[in-house]
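Beneath this line is the structure, given in structure tokens, with notes to follow.
Chain nomenclature is as follows: A, B, C, D and E, assigned in order of appearance, with residue numbering initiated at 1 for each chain independently.
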């Protein structure tokens, strides 16, 4: 990783020219004690965009959300919401709602009264309030639980109540801080689909924090990868995954096969660090030639990890080092069954050799 | 799901004839309140096997572990460890150790003293105790943290300490109750590899509870799928994934595409419920004929979910219903780029049509 | 409060914090620290004990007197001994009771037991001591020949009785908060119940016991009424302070320094166990 | 710790023994309130309801009871206000000297009552012009603060701060947040803490002795004086018996409302 | 650490602080009066509706009375020093301290009509009169008797010896008074036992005499079951036999004997200490009229009789004996039996200037008594 500060100015590609929903300009956040959680961040998020913030623990994702929501104030820089400077505005003066990781439901209020809460604050009359809250509960398919106590809900249900509460008075921006972190895998996948659907139909700008790369890629229009308080890369999921801007991004997003040093010299014929995505690698019998123009190398199958839909094939290269290939357990299309200890040829198109720094 | 009780007797295929490490014979567990957590379970686990118990929340996985460990006593049936009847033996008289979901490290003891604990109980002399504990810490690569307080560890480190503690006096059987549940994805994948490695090198029988199907398939020699206190299916990961014994297994393990009723009639030409795994389905241009002997149908691409290595293609069939296909984002091998709204042909080999029930 | 003002307050967490802390700090400064300081200062004056008037001359006589008179030091030593005895006895009684409540009793009887432990706190302190005085009547009393009579044993017993709930509650909370898996883990790793208790439960309860002991220790240290009723001819530091207080305040203040020091030392000692954050 | 049947049986026996130890003297008090002997003679020479009648018409005990309730209510009110504010600061903010502040709040109860008592007495009589009803309230409030702080802090710690942030995030000002979210969530803890503070103040004798103004008689003071007086000790027994019986209610309430035993840990 | 020349209040000086008595007349009450009294001296019916001589006073004068009771003379001095109280019933070991501490004012006995009926025996005594000025109105008196359990004493004891001499049959079951003033009881015994010490007044002890008394007390301590401070407690002990002999009050015996006669009393041949209480008025009280009215009321024949009976003492008012409910009350308490009181030494605060008139030695002052007593208790 580079040791000099690097600022990647990030503008949403599609919406250039429009007023961005959120603008962070040179935002820096230093906590007492000297931790710099966010380094001079410039980030524009367009109206209606679904942006995911991806990064390891402690990389500053939550801090960015809290700066947008107004729970923290930047040490330097400005925060704009639809061009209005809200840098020092308190949370209750920003048209931004948050879905907290622990949901932060009010334990003394029923599901319905939780969802009504923002309307009650906004002094919406009682009957309208009730109607709108029920409608919001309907969008998250929880109409039936309106009178339940929030403590008697499952994780997924709580998550949906939190969402309904944050959506009910249609904020300009919705911030979600790892909302699915506490859910189990099945539920999580289901909620991802629902979230995406809700965002699409409501048109609200979503800023979604996660440290799960699958989630980040699946949901986003645009993904911003953080590391140590800096933006490492921002772009569409494809851009970030297929063209990682740094070894860090290559490693953090997806499984990276890195060829470096001597191995790279032997295999690729050129020095430096290179990453090849496992799914880009084709495994064939060692005696079959690689297609024309493809790179290839030979190795021994060390491990076959079966995960149902796919199998990960870990190969120890003759040239040293290890490469993984991801194989779809598709319909048997004539490929020879692989076994541990077998010598195989790995081949890939040179365009998938991604230079790392 | 069947409404009559169904008992699947499960014997490990490879080790038949040997004395099983664990034998549950007609084990039934009824809690005070009338909840039957386990229904007449027969299960043999061979020496040195890595068995994963997979199932939704509340399906009785933990209860089975607790019956083996001795924290609960069965309402009926017997529990044998290497042919010794331990049905009513207390936990401290069983050569079985558990890695608890919350790790249950003793907060008042250092890392080293935690790991030494079972040796201390077994009255191993001080110097030997220390040596063996350090060796166990070395296998989980935590030698450096021996004198740390357990409260000053990260989740992954705590998990490894718990593992070292359970392994240090080499029990015959190790029980693990969702040990990776609290870890984040990256760490989880890394720990899975380590666990598998440790099990392989130590030769200890592992019984591993999870509700994450990827984990269950990746790690196991054999997977046992639970539902509502009963074994739905038991077998190698491939068996369970590729030949699910019931709609429940098909749905719970992997993403299932279920064709049922009229749609099944139209598409497959036969009635009933059928499941096809997404990765078995090939997507081609609508005008290209399917390969000889393959089933095929036509539909419109409704959604393309990009997750880096793979893309999930959700297709609304002309015949009604929806099928997902899983596509590897491999090297462009000539397949046409897909777009939403495009009409495509889906095809698969009939052998991958799995009858449900 | 106006929205504007609240916005300003929101921007200035320091101001909010000051607002929250000031009332309690001012109160305690005025009504706790100031009187203690005044008391300590008083120890360096002296009284014309005939007229009962304080003479404002700086003098270390009282403090030196207290620290060098063997009788007073002996009393201090005995008082600490009583406080330690009471604390140990409370812990000894609280452990099985709390263990029973937390681990054996059913979820229904648990709150009942808790109420049973708490209820005596509402019975008048004096009446309870008096009841013990009656119980402990030497010879021919309720306990007959088994009665230890009035003396140190009686004092420790009665004080233990009075402060026991203060020990049971934190210990009970401590055991309850030990999630089941800690206790199961020990058994799983081969420890029999008693070994479990010795190697895991007791060390893990140390902070809870320490938290309870702050009460049993300090309440015993400052008591002067119980010893009057069941202590026979014995006296504790509290009596020394009480009996000299009205005659010679500076001297009483000097004596009061002793329990103050003991308690300060005690708090510092147990602070390391983390007990203070549990109080 | 997996308990064997023997261990369970031993624990049960020990628990019964300890509970007997706790209740035997209270039963004695109850019994004595019916004894015909005026001096706690044992065994009671006979049983009578006379003391209960005497107690019912005793103005002194009633006046003392009223004073005690007044003092305890006022002290509790002050402690609740100061304690709640301090708890918010202690649980919701990180600041230099936080541990010192907790210790300061703890001190009045951790220091022997006689020290606190004569210290306050010295302050009031030497520097502030004498003892009154208010000085007694002040004395009690000072050591009650920690009770409230304990209960409220325990609740605040369990209630994550995000709930309050969520409220502000949804447009509520801090004051509205307090009114609609924090306070309702704290209500149980406040009541439980308040009840315990009330109980502590209600039965306090040592600090009371040193801070009560002239002519002021709280119930413990009344008991203290009458326990040592002819013909009055049986009436004292009646008062104590009544208190024990009545106390079941607040104890039950405190348990119910605090929702966790830890909150009730420190009376 | 006793009296230096820098004391604000004169201690060695003969004369108390300059003060003059209220000249009168006693007029309309100020409406309020704060009373500091021994328990039982100022009953307002709150303990027992039948026992009430405060309410009639309130009705008659319009002075609303608040009462605070104290347990020991030390407490009385301390409480009265706060300045919160208008009048106090001070025993002899408290009265002089109040006078020299400049807390009370001389009383103009002419303004208290009932003063005329007070026993002459109690007037103008060292504990209520200083430099010829009367500082209060005598209220009643009692002797500190030898109490004994009848079962263990087939023949009544006649001497304090069993409470003082080692190896006595009562060892382990004796109960002396728990106050520094009890040193005087040792002195009373020494007066008879060791005449060579030359003690003539148990409250005027020089160093040698004082040391002898303390030594005697130390010798007594191992035999002590409890130092008493509570009559109920003590009576119970005597009745049950837990205590065999005790120094105490007639009241205690009366209490213990309510069910059956189990406790005997006697004034041993060596004599005894005793107490005579005095109602005193706070210096500069804003309620001077109510205070004088109270003094007159509380020593009136009726009130004085009620107090004497309720508390258990000999009334000071000579006319009270005719008014007690129990016609034998005054006989029982030797109220007017002059000879009885000859060798009763009323509590007096010891001061450094020997109050027996000796001028060649310094006596031990009260603060030294307290220190010595405290050390004795803690040894």
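By definition in this document, a contact is a pair of C-beta atoms (placed from the backbone, for glycine too) under 8 Å apart; a residue touches a chain by one contact, two chains touch by 3 or more.
Labels paired with UniProt names: A, B = ABC transporter ATP-binding protein; C, D = ABC transporter permease.
Note that this is a predicted model, so its numbers are computed, not measured.
Separation of chain C (ABC transporter permease) from chain E in touch steps, taking the shortest path, is 1. Rounded to a multiple of 5, the Cα-based rotation taking chain A onto chain B is 180 degrees.
Summarising the inter-chain layout, the chain whose CA centre lies farthest from the centre of chain A is E. Separating the centre of chain A from that of chain C (ABC transporter permease), both taken as means of CA atoms, is a distance of 54 Å. Chain centres here are Cα averages; for chain C (ABC transporter permease) and chain D (ABC transporter permease) they lie 15 Å apart.
Remark: chain A and chain E have CA centroids separated by 89 Å (rounded to whole angstrom). Each chain gets a centre from the mean of its Cα atoms; for chain A and chain D (ABC transporter permease), those two points are 53 Å apart. Residue positions of chain D (ABC transporter permease) with contacts to 2 or more other chains are 2, 4, 40, 168, 173, 227, 233. Shared interface positions of chain B, defined as residues touching 2 or more other chains, are 70-71, 90-92. Chain E has residues 79, 229, 233, 240 in contact with two or more other chains.
Across the interface of their complex, chain A is touched by residues 3, 6-7, 10-11 of chain C (ABC transporter permease).
Chain A meets chain C (ABC transporter permease) in the complex at residues 73, 88-93. Contact residues of chain D (ABC transporter permease) toward chain E in the complex are 37-41, 45, 54, 57-60, 63, 125, 130-131, 213-216, 225-233. Listed in rising order, the residues of chain B touching chain C (ABC transporter permease) in the complex are 69-71, 90-92, 96-98, 100-102, 104, 106-109, 117-118, 120-122, 165-166, 169. On the side of chain E, the complex with chain D (ABC transporter permease) involves touching residues 34, 36, 39-40, 45-49, 66-69, 71, 79, 82-85, 229-233, 235-236, 239-240, 251, 255-256, 258-259.
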